[in-house]
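Across the two complexes that follow, chain A remains constant while its partner is chain B and subsequently chain C.
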Partner chain A sequence: MERQEIIDGLVEVLRTVRTVDPAKLENVTEETDFLTDMNTPSTELINIAAKVEQKFNVEFEDEDIDELGSKVKDIVDLIIKAKERENS
Partner chain B sequence: MGITDTSQIKDNLVGELPENWLIHGPKKRLVSAFHWHKPKVGVVASYTPNENDVEDHFDIFRGVDMIESFAQATVVAAATFLESKKQDMVPEELSKLLIPTFISLGNVFFHSYLEKGQTFVNIGFIKFYKWRQMVCEGRIYRAPKGLDLDAYFKDFDEERLKNYDIGEGFVLIAELFDITGRGIKKEMFEKLQ
Partner chain C sequence: MSVAGRKVAVVGMGGAFPDCADINVFNQKIFSGQSLIREWPKAAERDKQIRSKVSGFINDNDLGIQPIYLVDGYEWPETFVDTSGRIPDVNMSTADLGCVWAMMGTLDSIEMAGWTTEETQSEKTGVVIASGGGGNVIMRNAWHAFFELGKKSRHAGSHMVDRAMSYREAANVSCLIKNRGVCESIVSACATGLGNIGYAYRLIKFGLQDRAVAGGVEGTSLETFIGFDAMQVLSKGFSPAESSRPFDVKRNGFVCSFGAGIVALEEYEMAKARGANILAVIDEYFNNSDGDGDMFYPSYGGQRRLWKGLSAEAVIKPDVVKVHGTATPVGDILELISVVDTLGESGYHVSAPKSQFGHMLGAAGSVEFITALLMLKNQQVPGCINSENLNPELENFQKKEGWEGSMKPAAAYRDLIPQQTISKEINQIVCLNYGFGGTNSAMAISRDN
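Up next, the complex of A and B:
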């Protein structure tokens, strides 16, 4: 799965998150930060992670979430890592 | 003498001593007994406000203390239980690694109040539990005076929990929504400063 494909899927997820302003989803890049660029409350990241798990059919571990950064690329990396973990 | 070996950990918290699961000091522990508990579903636990709890506050148990009692009974105790089972670690050891932390509170509606000596039950329903984060909702009821809560809740079940089906004599005190807590690694907690 290509990184851009993952980003597109992530944007779809973010459209379902009430606290994310749809206007902030117009040109999401790998460097977009959930907290500073999208003003997403940090408490919402767990809710986003749970939706991403379902969307991409992957499973994150406690440590994955502990260490998760707040940029789009961090979640893309994590999705790829989780998929590789499941295939290994 | 706390729990020294995971083999001592039963299938649920009923009959367990709160001090074995709520590791903070006695003055701040607002749960006296667990009466019903289904690990990933919910819990019923009681407390009776004492002299210290109502001091300087019109002999009334404070609303924020009700929220704390509810959170201890549900988010802290229930999540500690699940994490102990998952990591095969006794609560004392777990408390050296993780700090139970409030993340956020949803709506809380108070319908009445509690005085010193008035036993109440926290009835909590687990809505989310993942990555050491738990979200609970539920209610606080004042229990009928002198009721044997262990006997009363012995046959409680998930269906009755979801419908708050607890019968006559219980007085609704508060409704609590999206009470969210998380076990945060100690080293990460210290970075929050």
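Up next, the complex of A and C:
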């Protein structure tokens, strides 16, 4: 799965998170920060992680979630890592 | 205890009503004798799993609310959006459907009351709202993900707690309006709606608050519905509009319905001083318990003591008695007789609004309270539809040894129960509601003179 493909899917997920301002989803890059750029409430991050698991049909380890950064690239890395783990 | 000279006014109302776009449509339908009860597709599609198929229900996407699903075809909405833009998304994200209605009813109530932002956000403004049931829809979704699908706890949703906790309606409303006073829920089964208004009345009467948003809610929930269906206490065998038939000899159960009723209360002199439109003055509130040790069976003694308590320090001479009147076989006539034995056989009318919209459980007391406010405003009593024939024979409980009440059959009191809307001078109304556990509540309201 290409990184941009993952970002596109991630943006789709974020559109269902109503506390994220839709206007902030226009130019999402790997460096976009959920907390500082999108003003996402911190309570919403775990919801986003759970939605991403459903969307990409993967399961994250609790430790991965605990250490998860707040940038888009952190989630992309995590999805790739989880996919690789499942395929190995 | 109550502070001498302190009175409480009702200055605003709002809510969510089945098959009604807003409170104006509700008013029009109720006083023109229409039923708000329909066949409920969600129940009907369960076919033989469910006995009763009718309800006064409100869909997820009614009232300008848009449910948001993560995956198409998924049964449970992730969250809701207010398409009218009155409730910010961040508040919607912590709300189940009932909370959304509570917030909408609150905004309408405050707008009608005309409170300033400063007044609303004061330390002297409280929020007292509850529902009868738990957050059953949210919990089923959460438990399904965890127990059935074996998902991690985060798939129960990080908003499971705030969307399902017992006082979610009060919490959501308080976060929306940012009041700084009391925020609590009073839960007493089907007396919840009136109980919350009664508690808020006391907060103001006792000098603890100057204002309060209060009421009861019951969000549409098949999970809630099947609990009552399992007890075989729901109406069965009639067309939807004919299903709720308080006092009628053929009644065979109540119609399980959903909705929300919210009112704005304010200390009377403050409301008067700022020129508020006073919908009613609360004369008195009283509540008690049966003391019979019976979870379900209504109590003649408990209801008689309820009236006695209500009358202890207030002049109670109602033109209308808004009864609980659910259309269960025993409850209606026992309640009717407790009213008659207290007030006599004439000089007032009995109103049973559940005949038109069913039993809204935790919202029943507050939506019926709003119906009473509309009676005061319109100077009309809506008819008890479907109360076609009253039993000419004595009820079984009247034949039991030790029965102390009236020995006349229900049919003897036909004149008290209008079948069509009537106009008359209405100065005072008494509202009655009861709940499982033997809890009873009564409130008297009057026109402002």
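To be clear about the criterion, the second predicted complex is superposed on the first by the 88 of 88 C-alpha atoms of A that agree within 3 Å, B and C clash if a C-alpha of one lies under 4 Å from a C-alpha of the other, contacts with A are read in each partner's own complex, and residues count from 1 in each chain.
Following the convention adopted for this analysis, contacts are C-beta pairs under 8 Å (C-beta built on N, C-alpha and C of every residue); 3 or more make two chains touch, one makes a residue touch a chain.
Everything quoted here is computed from the prediction, not taken from an experiment.
Q: Have a look at where A:A49 lands relative to chain B and chain C in the superposition and call it first, second, both or neither.
A: So A:A49 meets both chain B and chain C here.
Q: One more residue to check, A:T16. First (chain B), second (chain C), both or neither?
A: Only chain C is touched by A:T16; chain B is not.
Q: On the A-aligned overlay, A:E2 touches which partner chain: chain B = first, chain C = second, or both, or neither?
A: neither
Q: Which of the two, chain B or chain C, is in touch with more residues of chain A?
A: Touched residues of chain A are more numerous for C.
Q: With the two structures laid over each other on chain A, which partner does A:D66 touch: chain B (first), chain C (second), both, or neither?
A: In the superposition, A:D66 contacts chain B only.
Q: Which chain A residues are contacted by chain C in one complex and by chain B in the other?
A: Chain A residues touching both partners: 43, 46, 49-50, 62, 65.
Q: Looking at the complex, which residues from chain B come into contact with chain A?
A: 103-104, 128, 130-133, 180, 182, 185, 188
Q: Sort out for me which residues of chain A touch chain C in the complex.
A: 13, 16, 18-19, 41, 43-44, 46-47, 49-51, 53-55, 59, 62, 65
Q: Could you please specify the touching residues of chain A with respect to chain B in the complex?
A: 43, 46, 49-50, 60-62, 64-66
Q: Considering only the defined contacts, which chain C positions touch chain A in the complex?
A: 68-71, 78-79, 81, 89-90, 92-93, 152, 154-155, 157-159
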